[in-house]
Each structure stands twice: as C-alpha cells, then as structure tokens.
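Presented sequentially are two complexes of subunit A, the first with subunit B as partner and the second with subunit C.
What follows is the complex of A and B.
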C-alpha cells in the first residue's frame, strides 16, 4: 500500500467514509455533520464522498448531529460524526444518550481548547470531560494511528460483546492540519475488516419496544452494570480487533498502551497524543546517555488500561505524568487516573503531575527535559507543576 | 435466567433485578458469558400484548388527556390505510405514557429522545428507512415545550431540509411533565407555576412559523372534529417531506378543568375562532376546514381554573379571535388550496 501525504483530518474523513461505505450491503450509514475549527475538514470530506448507501445530514447544531446519528443507529445503520471543543460541549446531552442506548456510534474528535477564551489549539479538555460517559476513548499520536484507530473503533464498538460508542481523538493542528505519510487502505480491505452491522436492539416493527422511558431504579442500575461489564470486556475485544487489523492491513494500529524502555526504568514518563513523539525522542537520547528512563504512551483512555499501566510501571520509582488538559481544582486528568491506579500501594511510587501544552502550547524537548530534572530532584509528590506559561504576557513572555 | 419471571416480560427483556456483579454469570451459557447479544437492559423482544393498537390500555395518561384521544386516532388512521409507524418522543408527558420499562403502552417501536432532539432523531430514523426502501411513517410526538421552545431549532432545521418525517405537536399549552410551568405556547392570562399572576405574553403562532418553512403540509387538529383530524392524518401520510400537525390538547391537570369536559373545551375553541382548523400546503396554499360560528369563548375560559374571571378580558379575546381569523380568511381566499393544485 503506497503512503500518501495527508492531514489528520483527511485521514479521519477517509476512515469514517470507508467505514460507512463498507456497510452498503447491510443497512447503510448516516451521519449528522456540523462544522467547527479545526475539525471542519473531516465533515467536508464526508460530505464529498461518493457513497453508495449513506446519507450525510447537514444539521443546524452538534446536538442534532449526534441526534441524527442516534436515530440512524437505532434504525440499525452504521452511524458516526466528528466534532471538537465547544461543539462537543454543545453535543454532550446526546453523546451521553448514545452511550446509554448502547449505540456503536464512532466520533472523531479533534482536541481543541474549550472556550472561553477563544483558542483553537490543542487541548484534551473537550473529550476528557466525557470521561464518565459510556464511551470508549482513544488518543492518537500520528495520522496513520488516527486512520487505523478510527477503522478499528467501528469493529470494536459494533462487537456484540461491547456495543458501546467510541471516540478517536487527535490533537488540533499538530495532527488535524499537518500532512504525514499515511497508508490509505483500499475499500475492499475495509470491507473485509468491518463486518456488516447487525444491531441486536435496533427498532423493529415486528417487535415494538419503547427505548428510554421510565425505568425503576434496580432495572436502571442493572443497565449501568451491563455497561460496566461491557467496558470490562473492551481490552480483550480490542486486542482481537487489533490482531484482525494487523492480519488484514499488515500494520499495527497500536496497543492500548505503548511502552518504550520501561522494562527496567526507574523513571517513567506517561504521555498521550502527539506529546508522545517528542517525549520518546527525549527518552531515547537520555537512554543513550545511560539514564534509566522509560515512557508509556496511553492510547486507550476509556476503559483505562489499568493492568497494563501497572505492569509497565513495575520497576518504576518515579512517574511523571504530562497532561495537555486540566480538571479545575485537581490538575491533569491522566495524572489523576495514574494516581487512582496505584492508590493503596503506599508511597513507594512517586507520581508527579505536569501541566504541559495546555491551550495549544508547544511541548518542546527542553520542556520535557525540565520535567525529567524536576522529577529527579523531588522526593515527594506535590501539586501539579505548570510549565510553559512564561510570564503569562503573550509575545513578551 | 430468572429475570423476566412474574413480569409477563420475555427472557432477556428485563434488567437483572437485585443481582450482584458477577453473581448470575455462572448460570449463563457460554455464549452469554462472553456477553454475546445479551443487552438485558433493553427490551429486545416484543412485549406480549393481546390488543394490537398504537396506544394500549394501562398507559399513564391522566383522565381526559387530549393525548389519549390523539394517539388513538393516530393508530386508527394508520390502520385504516394499512400503514405503521415508529415514534420519536422527546421528554414530555408522552414519554411517560409508556409506563415503566420493560412494559410499554406503545404498540409501535418507540424511542424517547432528549428534549430538543425529537426531529433530529426522527431524521436519522427516516434516512435509514428510506435508504432501505422500507414502509412505515416516522412520527415525532412532542409536547409544546419540545416544539415551540427547546426543540424549535432542531425542528426548524429538519423542516428546512424537508426531511421525510411527520411531526405532531400536542399542544397543552404548558410544561405538563414537570408539573405545569409556562411555555411559549401558554396563552395570555393563564396561571402556571412560573406565571403565578397569569402569563402576560401572547403565545407563538407555531403553525405560521412552520408554514413559513414552506414545508409540503402543515395543519391544525382538534379532537372535537375527529373526521377532519383523521382526514388530515391521512393527507399527511400520503405526502412525503416534512409534515407538521398541531393538535390542541386538553390537559385537565394543567388546565385545572374537568376531564369530562376536555372535548367540549376544544370544541368551543374551534367554534369561537380561538383555535382555527386549517391547512397550509407548501407554505402558500390555504384551506379553512371549519368556519367558526362565533360561539362565545367565555365557557372555554370559565371552565378552566388556570384563568381567573377577574383577570379575563373577554372583549379583547373575542376581537383578537375575529381579527386573526379574518387574516386567515384573506389568505384562504387569495391563495386557496384548490388553485394551488390546479396550478401545480
């Protein structure tokens, strides 16, 4: 498969369209679309695609974009959408419905700072605020990973064991608008990889039921338990989808976490998204200098790959978590997750949070060096460290 | 599996009551163990019902609720033409009508949508029906709150795209589900829990708004005029694109009226010119269906305790009814439906 130079948005648009097209022999596909920078090119791509059995519905808001996709999914079709930032915030009510209705909708989300202030650059706050919803979440590092993970997400979400929506996130501009060599699979390959969708609980005239009405507490609670059980099955199903992908496409779409020199590392950096590429180089260089340092890139955020992270940190004494997101009054959200993974283990493992590249700031190798130096010097966890603000006065800063 | 026992629901239709995590897994087959097609929290099998109708007995509607008559008429009109439907119902009394899961009072596939999303979800359902060339109407059954207020943009957008759905608003002029607050459909003078002194603003003219989208068909419905009601439903079934129907829906609970008087109240509303029965095609061709006989609207107001005698200005009400009807009359005479057909 020859690689083409495409942007992250192009890769995502291609994957969504090919997945929709792959369901043409079943009930087809639909998506509601609405523009927002820096995601707009994805829905423009989808709107241009010469589908055989897909309807693209240009709606009046993100809330309705997900609404249309929910309707289509309930009718048994493959459904998807894409959004970003305030668009995701506006869509939230229906994002939640897609999860609770167990609809295998796939959403590509370009991570952009939630406004105000208006800032269109990369920040994961928009998708991480969905962290308590029944959605599988992936964070990608490059455009190939965006494309591959989007395709994989359909197979995983539609798996009968799972039936949960999935979200594929990519950093604004750093990926969305940057061209990278990316292998675009042929439609026949996608057709083979994605089986026809047969949603077991789709609305049927032969079996009239009412979805979403009143439910007594115990029954509603058991629906929540089923979601929890489905979430528990995700890691295993993900591995199967990943191996099937490798078999079909001859390429690894990436593991739930990807480790780099963690086997014997005493210091471990935990990162996600595009920061991983920079951090990996810093770690490689420091390894060359004989330092005992490693890296974990977290791709799957929900369900959180707790066991894998624990395993990867087994030789670690200190962990630095770099977050391009901020939970008010708490700090970084990946940091919070890491702490809860090791909660109860005593204080042997020092887990320090660093807020880096929020609101689209560059996370440079020297900034990551700063993190390493800070981590090495500390003997106890402290409040998260904010890096990259300078004097906070813009250009002079 | 013991879950469905005693509830009359089939296996697989109920959540696992009182179950501890993992507890029942030992009783499950290998296939179920790995979770294949379980979805116990969803009714994936039909709920047994001896009577096949759209609105089943045992629904939760209050006595004298306009919805009960409207939904029954909808079911009959569909049966008359051998059609069926899927319902999309936003948050409103109509979502509660179904009763508690997994039982349901709706004899057709029904999805409860978020408050603002009935039209969008219906658009998605209709897309897939049409892509698969399947029969059956996709119908939104929504309250005035979900139509005039929170769902307005969604509905307007579906209408602008002329999505292939029927949207029926049952207008009880109040947020019934949440206990009776004002909506932009609440008429002037009506006391609600958020207009304790009586509402001072007029209600929106939603039919004009929807007709202004130039949708193929928009019409008003009254349960006091069942033949007209049923004919308009069938007209709507025979057309494609966005069809909007506005039903004046008596609500004894919100209107503080006698359930037995529901039909009489809306009959007076038509006869007095308060709620004219008319149709608009394509936003430009009009037909009035019932000429008011100018019955005094006093009874309409005096038999609803949401209005106060001493606060009513019946003179103004009578004048406004006549003026508004006169405008409609001009439209119906200048741009009659028949002419549109002849020209069309």
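What follows is the complex of A and C.
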C-alpha cells in the first residue's frame, strides 16, 4: 500500500469518499454538506470525487447538511457529512435527530474553537458539546488514524448491534492541514471492509410509515434504554471492526484507548488528539530517565471506555488529565470523565485536571513537563490548573 | 384531600373546569392543584384534566391515578375507562340528558349524577352550537354534587373573569343536576388502588423497539373517535330536473356530455323522451329559466345541448320486455308518440290511429321547418316506429269509433291534443281574409299558400303567432306585423323566438286589441295597397280597427289583464289577418260529461281502460309537456294492466349512492357559487336575419361541441369533481369508482369537505 503525502482533511475526505463508493452496489451514498474553515478541504475533496452512485448535495447551512444526510440515511443510503465549530453548533438539532433515529451516519468534525471571540484554531469544545447525544465519538492523533478511524466508523455504526451515528474528530490545522505520509487503501480493499448497508428500519415507499412520532413516556423511555444497550455493545463491536481492519488493511486503526508504559506507572498522563504525540515523547524521555510514568491516549470518547481506563490505571497513584476543552463552571471534560470512572472504585487515586492548548494554543513538551512537575508535587486533587497562565488555583495557589 | 379526574374532548374546556374547581377552593384558603394531561390534544381529541384540593399543603406532583370523583364532559366518552382507579362510592358526574339511574349497570361501584350541560351551555350561548363550552355549567353541577356552595363556584367564575352566561349556566346546572344514590354503594374506608400500573406515563416493562419501526412503536390513534360530527353524502333535486315537463334527467345527461360521453347522454335522454333533437330545437326550456347558473353568469344552454346529444349521439333503443297486451293510441302528436314509445319499450303491442295523412301532429304541421326540419322529426319518429309501433293514418276517431276501438284492444290512450281553435269576432270583415294560424302553418307545410306582397297582421303572442308571422315573411309577404293585447312580458312564446322574429323584421304592436276588420272602400275591393302588385282576389285591402289597451289587475292566469283605453282606436291596413289566439281540447270524442284528468282511467267506456293524454288532458301546450304526459300516462296504464308501479320521476331514479336523499329542489343560495369560474354561454351559431327571412332552412346550426355542458353546476348532485378529496386535510376521503368513501376511523369531522363542495352534496351531521 503506497503512502502519500496528504493533509488530515485529505485523509478524511478520501476515507469518506471510498466508503461512499463502497456502497455503490446497494443504495449508494449521499452527503449533505456545507463548508466551514477548517473543514472546507473535505468538502472540496468529496465534491471532486468521481463517484458512481453518490450524491453530494450542497446546501445552505449545516442544519440542512445533516438534514439531507438524515433523509438519505432513512432512505437506506450510506450517509455522511463533515463540519466544524459553530457549524456544528448550528447543526446540533439534526445531529441529535440522527442519533435518536438510530441512523449510521458518519461525520468528520474538525475541532475548532467555538466563537466568539472569533478563532479558527484547535479546541475540542465543539464536538464535546455533543457528548450527551447518542453518537459514538473518536478523537484522532494523526492523518493515518483519521483515515482508518473514518473507515472503521462506517462499519461500526452500521453494525446491526449498534446502529448509531459516529463522529471522527481531528484537531484544526495541527492535524486537518498538516501534510503527513498516509497509506491510502485501494477501493477494492475498502469494498471488502465495508459490506453493503442494509438499514433495518429504513423507509420504504411500498410500506409507508411514520418513524419517531409521538409515543407515550413508557415507550419512549424504553427506546432510550435501547440506545443505552447499543452503546454498551460498542466496545465489543469496535474490537471486531478493528481486527477486521487489521486483517484487511494490515494496519491497526488504533485501540479505543492507547497506553504507553502504563503497566507499572505510578504517574499517568491522560491525553487525546494531537497532544498525545507530544506527550508520548515527553513520557518516553522521562522513562529513559528512569521515571515511573506512563500515558493513556483516549481515542474513543463515547461510549467512554471505562473498563479499559480503569485497567490502564491499575498501578497509578496520580493521574494528570490534559484537556484542550473547557466546560464552563467545571473544567476539562476528559477530567470529569476520568473522575467519574474512579468514583467509588479508586477513590484514593489523585486525578488532577490541566487546561492546556485551549482555543488553538500550542502545547509544547516543556508545558507537559510542567504538568508532570506539578502533578508530582501534589498530594491532593485541586481545581483544574490553567496551564501557563495560572488562575490563582492549582499549583501556585 | 379530594382528587378529581375530568374526561373531556379538546375544546370543551376540561382543563379550565379543573381550574374553576381549584379556584373555588383556593379562594376558600385551601391548597389546590389543577392541571391537564397533555398529549396529541387537538380539537375533539379525548383528554384528561385533574384537580386536587386539601386543607393541608399538597405535597404530590404525580398524576391522579385513583380519583375520588370523575367528571365526564362528553357523553361519547362514557366507557369503562371513566371508572379506572375510581374510588368505590365516588361520584361520576356526566354531561348527558339521560337520568343517572340509566348508568347503574355500567358503574355499579359508584354514585352517578347527570346534568344536561350541553343544553344549558347552548341556552346561555356558550361556545358554538357544534362545540358548546360545557365547563362552567358542569362547575355548577360539581358544586351541587360535592357540597360546594354555589356562591363559591360563582366566586371562582368571577375571579377568573367568566361572567354573564357562565354564572347563569353554573346556577342552572347547580339546580338541575340529578343525583342517584345507588344501592350497595358505600363510602367505607378502603385501600387506595394504585392505578399507575396501567398508565402510559409510568414505564413498567420494555416497549417495542424503535428499530422495528413505527408499527411496533407508535400507538395507533384512530382520530375518528375525536369527531363530534361526521360528513355524509347527500343529494338534492336540481331545479332543471324538477321543472322539466318531459321529466328528463337534465343534470344526468349534461354530466355525461361534460364527460365527452355523447352516446351516454343520449341514452339518458331516451329513457324519458324519444324527441331530444326536437325538444333541443323547440322547447321553451324552463330548465334554463330555473337554472341556478343564472345567478352566476347565465343559464346553461340546455336546449342546444339536448339537440347536440340528439343529433350526434348514438344509442340503441330496444323493448325492455315482451307482452301480449294490445294498446291503441289515438293521435300521433308528441303525447301520443311519447306514450306509444314508452308502451312499446314496456313490451306492449301498440297501434297509433291518426286522422291525417302523416304522423307527428303539430310537430309536423304546426312548427315551421326553419325551426324543426322535417328530416329531424322523421328521424325521431323513426325511433318510435323502430320499436314495432304500428300506424294507421287517415283514420279519424270519433265517439262511436272510439267505443269500437275499446272492444278490440286492452287499453286506449287518447292524445288528440287541442283541436278547438280560439276565434275572434271581427264584425263584418271578409272571412276569406281571416285565417287560423294553425291552418296557415299546415297549409304552408303543404305548399298551399301564397302571400306574395301582402300586408299580413298576425294576432296573438304565442309560438303559433311567431311561427305564422315568420312563415308569412318567408313566403314573400310585403309586410308582417304582430298585434298583441298585452306586453312582451306576458307573451307566452319562447323568448328566443320573439327575439328572432323581431330580428327578422316582424314588428310587434303591444297593448293592441283588434276590434273590427272591414274592407278598405277607399282603395277598392280589388285594389292593392297602393303599390300595384301581382293582382288576384287575395289582394283586397282591409282596415283592421284596433284599440289601445293598458294593463290592469292580474287575471286568473296571473298575468295583468289588458283593459281598453276609450277613444284610442286606430286602423291597420292589411290584406290578411292570421289568428293565433290559442287552442282548447275537443272533448266530443268522449261520451257527454266525461271528466278528463291525466293519469286517471276514464269511466264509462266498457271494461277497457281509456286514458286521456297530453294537451287533451293537461292543456299544457308544450311539446315537452306532451312528452311527459305521454310517458306518465303510459306508466299509469301499465300499472292498470299489470299492477306494477314504475318510477314516474325519472331523475329520482337517477339517484346516486348517497346517505341522505332530499326530495326538495336545491336553489342557488344553497350552492357555493363563489367556487365556480365565470364562463361565457355558448349560444351556437344562427343564420343572419337578412338571410334567413327568405328561406325555410333551419335557422340554428347548433353547437359544434358539448363544451357548454361543462358549465353545468350539477346542483345538489355529486359530479365527481373531487374537490373534497383534494382538500380533505386528513386524506381520509377517497373516490372508489363512482363512490365517495369516508374513512370514519380517521375523519375528525373538520368540515373542510363540506365547505369546499361547490354543490352542497356533503352534509355535516352531529354525532
């Protein structure tokens, strides 16, 4: 498989297009789409792709982009879209609908700061805003992972046991616009990896019906439980999709969490997205220096891989969570998740939150060293640390 | 704590009733709650509302599953669900005009109270007639049942701003509510049942999967159960059908024509008349006078459309049965031929006896060719004869021969028409100059009359007068004038024929009564009118002395009686006077004292039934009337011979599959004329007056197509326009074949189909 130098957006666009093309012998594919920096390259790539049975439908807003994809998906097509930041905010109503409709739509989201103030750089706040919707969420570290995870997402979302939409997130510019060598699979490989979509509850003109009309609370609640059960099946189904990917492509698309020297680590850094690459290098250096430190990269955010995280932290005494996102009044969102994982089972674990790289700020190795130093000095958890700028809390406070 | 559950329908004010009760307690210092149970509520949908009150602060935010009492706002909601979870001994207050005892079997555990809140609400003009707002009346009834003083209920109404009729309604209901203490019901202490298990607001088990689709996941809501009214198909009698003297299904044949089914249109016409091409030319068309389209943009041109169907349609007529009885018909005018036609269709052997050499009666001899060409008449008569009717011409029947005739047949129909011609005494005038119009037309038909250059005066205002005047014109008269003693409004002639005569140059002197005809001695017996001429004894000049009239009080015919104006006489010089003053029946064929009534067997003529038919019996004077009389009499004769009754009004037999059949005529104000586009009348072409006044060729060339039929409003009769189907917002109205089918399972009775029907064939009925 030849590697080519492409951007993260290009990798995403290629994966979306190849997946769409792979359904050409079934009901084809459709993409309702609207451009927004820094996702525009994906739109451009998809719009130029020589599809044989896919409609790319340019619309007037993100809300309609998802609307088109929902309609197409309900009709049995493989549906996808891509967006970013305030575009996602505008799309929110239909993002939620796609989930509750149990449609296996795949959305690539380029993580960009929600404005105002206007800001086009990396921040996970846009997709983490969707954390309570019935969507599977993945956060990627590099171009290859974007491509592979996007392909995997179709297979996972369309799995009969799951039937939930999936979101693949990549950091703005740091990943979306960065050229890196990426292996692009042949169409035949993608064809083999992604079976034809056959949506069980798709609308059929020969048997008209209403989907999602008014139901009494008892039935509606039951259908929420159904979603919860599907979410619970995701880790197992993900593993199957991952191994099938390895078998087909000869490459690991990446586990739900990826650990680095956690087996015996007493200090563990928890990261996601592109920060993982930098942090991993800091950990490698400190390991070389004999420090008992490890790293967890969280790829799958929804459903949150609780069991895997708990297992990876088995020897840990202190955990530092680096969040490139901010939940107002709380702190980092990954930090919140980590704390709830150990609630009542590992209460003694010190889990400290660090807000870093928000709104596109660069996260350098020295900043991560700063985190390690801060963590090492702590004997109790405190409010999140706004790394670098201080806030009267945390290490200095 | 008291807990009340209210069952009502959207729009009846159930939630407000809860609020009224709560307010009455709140104003007394109690702790209260009032709330609705909101779902897919829309007008008419079953819904529930709740009310709690207690002396202590209420600490309960749940729905009420085990109410102490229940109120039912709509009697159509009465059912087992009303008593779900209801405390034994608790009250069920029902809005109904029935007595509470009648619910004893249904709710044996409970006490029942009833009040006719609907009537009280209507009496007090609360809401609309179709959706009366019954809640304030029921509030009064609740007070009475639950021992809440009326003034506290009324205080609540006032507090909420519901004055006037609402307080009166509450007071009336407070007095009128009827309570039944049913045996065996006790208020003994008991454990409250937990009705929550059955509520859709409490999940107790797994429901259907979303992925299995709507079929498993959604409750089937038969919205038709919300309806308080339902549309029904109805049919009225269109005015054209009602007034047609021949009894034609006018709306029916126009509907067929509008659907390009000319043969079907003719088939419909031939059920009632053998003469569509004839009536399509000479009928006064009362259908057009009564046409509701007059109120919009002019009557549908039914006459020309009947002609179009008769002239261009094809339909085979065959006897419907074969019978042994023989019937004689005396007279071959339209009445006799119509009777013969219907009798032959019924299977009778029919023989027509005609005194003259040709059959057709006045159709042939009394209507000029320019109005009714002979080939048209022959074709239609051929339709009658084609059924096997035998004809004996030159065979006059008088009193003795009529008696002979009755001995040889099973029944006789006498259709000799109006043979007595009304005359006018014109004093000493030369009788050769005076001629009856009927005779003049007959002689014209036989080419036995010449009027070249003559000045002709025609006296009368009927069709015979017009026909005689126009024939005289065509025969080369120097001038033709009509004198009529009343005005144009009173003229019995067809309006169009009057217009055509005027166009052709026949002036009409209205309010003119001829008194005396005398020779013009100044110009000599043999002289012309001063202009020379071809000579001959006919060209003697006369002076017709006329008197001016004015209209007085109405006479027995309803028309204003002409009254002479003294001293206003004048003279008209002329060569010839044609009298067209009307005809009357000649009863001499019957035994003295015979009373003649249409449809009744004449007595005293041996065993054989004898019927008088047509003008002889009705004195109607129109071809259409004669056709109708002939048909009716034929059917009555059939009844006399066979005992079988046939539908007399043919259009009534043309009823479609409807729920409600009205015998009354639908008038324009019952139509929704604003829903129709205005369309110009198609008149059909006529030959120019200056051309036609010199030829006996037919004036009208008729319509070239039947597009005019699309102007028919189809008053009161569904013509499958399907606006109702188009506009039904629920999609529950379908056309299945020719039938309109309502799916009452889902029809909420919104009434859009009723208001969108241009012709009022959908009736809204209250449930």
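Note that in this section the second predicted complex is superposed on the first by the 384 of 397 C-alpha atoms of A that agree within 3 Å, B and C clash if a C-alpha of one lies under 4 Å from a C-alpha of the other, contacts with A are read in each partner's own complex, and residues count from 1 in each chain.
What we mean here is this: a contact is a pair of C-beta atoms (placed from the backbone, for glycine too) under 8 Å apart; a residue touches a chain by one contact, two chains touch by 3 or more.
What you see is a predicted model, and the numbers here were worked out from it, not measured in a lab.
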item	value
Clash or fit (per the criteria above) of subunit B with subunit C on subunit A	clash
Per-residue contact with subunit A, leading partner among subunit C and subunit B	B
Contacts of A:55 with subunit B and subunit C, given as first, second, both or neither	first
A:205 touches, of subunit B and subunit C: first, second, both or neither?	first
Subunit B versus subunit C as contact partner of A:217, first or second or both or neither	second
Contacts of A:225 with subunit B and subunit C, given as first, second, both or neither	both
Partner chain(s) touched by A:389 [first = subunit B, second = subunit C, both, neither]	neither
A:5 touches, of subunit B and subunit C: first, second, both or neither?	neither
Subunit B collision site on subunit C, chosen from 24-32, 204-212, 294-302 or 474-482, when both complexes are overlaid on chain A	204-212
Residues of subunit A at both interfaces, subunit B in one complex, subunit C in the other	102, 163, 200-201, 209-216, 218-219, 221-223, 225-226
Footprint of subunit A on subunit C - complex, ascending	39-40, 199-215, 217-219
Touching residues (chain side subunit A, partner subunit B) in the complex	27-28, 30, 32, 53-55, 57-61, 63-65, 67-77, 79, 93-94, 97, 102, 160-163, 200-201, 203-216, 218-223, 225-226, 228-230, 233
Touching residues on subunit A, where the partner in the complex is subunit C	102, 163, 200-201, 209-219, 221-223, 225-226
Touch list for subunit B against partner subunit A, complex	14-19, 21, 34-47, 84, 86, 88, 95-96, 98-102, 104, 106-114, 116-117, 119-132, 136, 153-154, 156-157, 160-161, 163
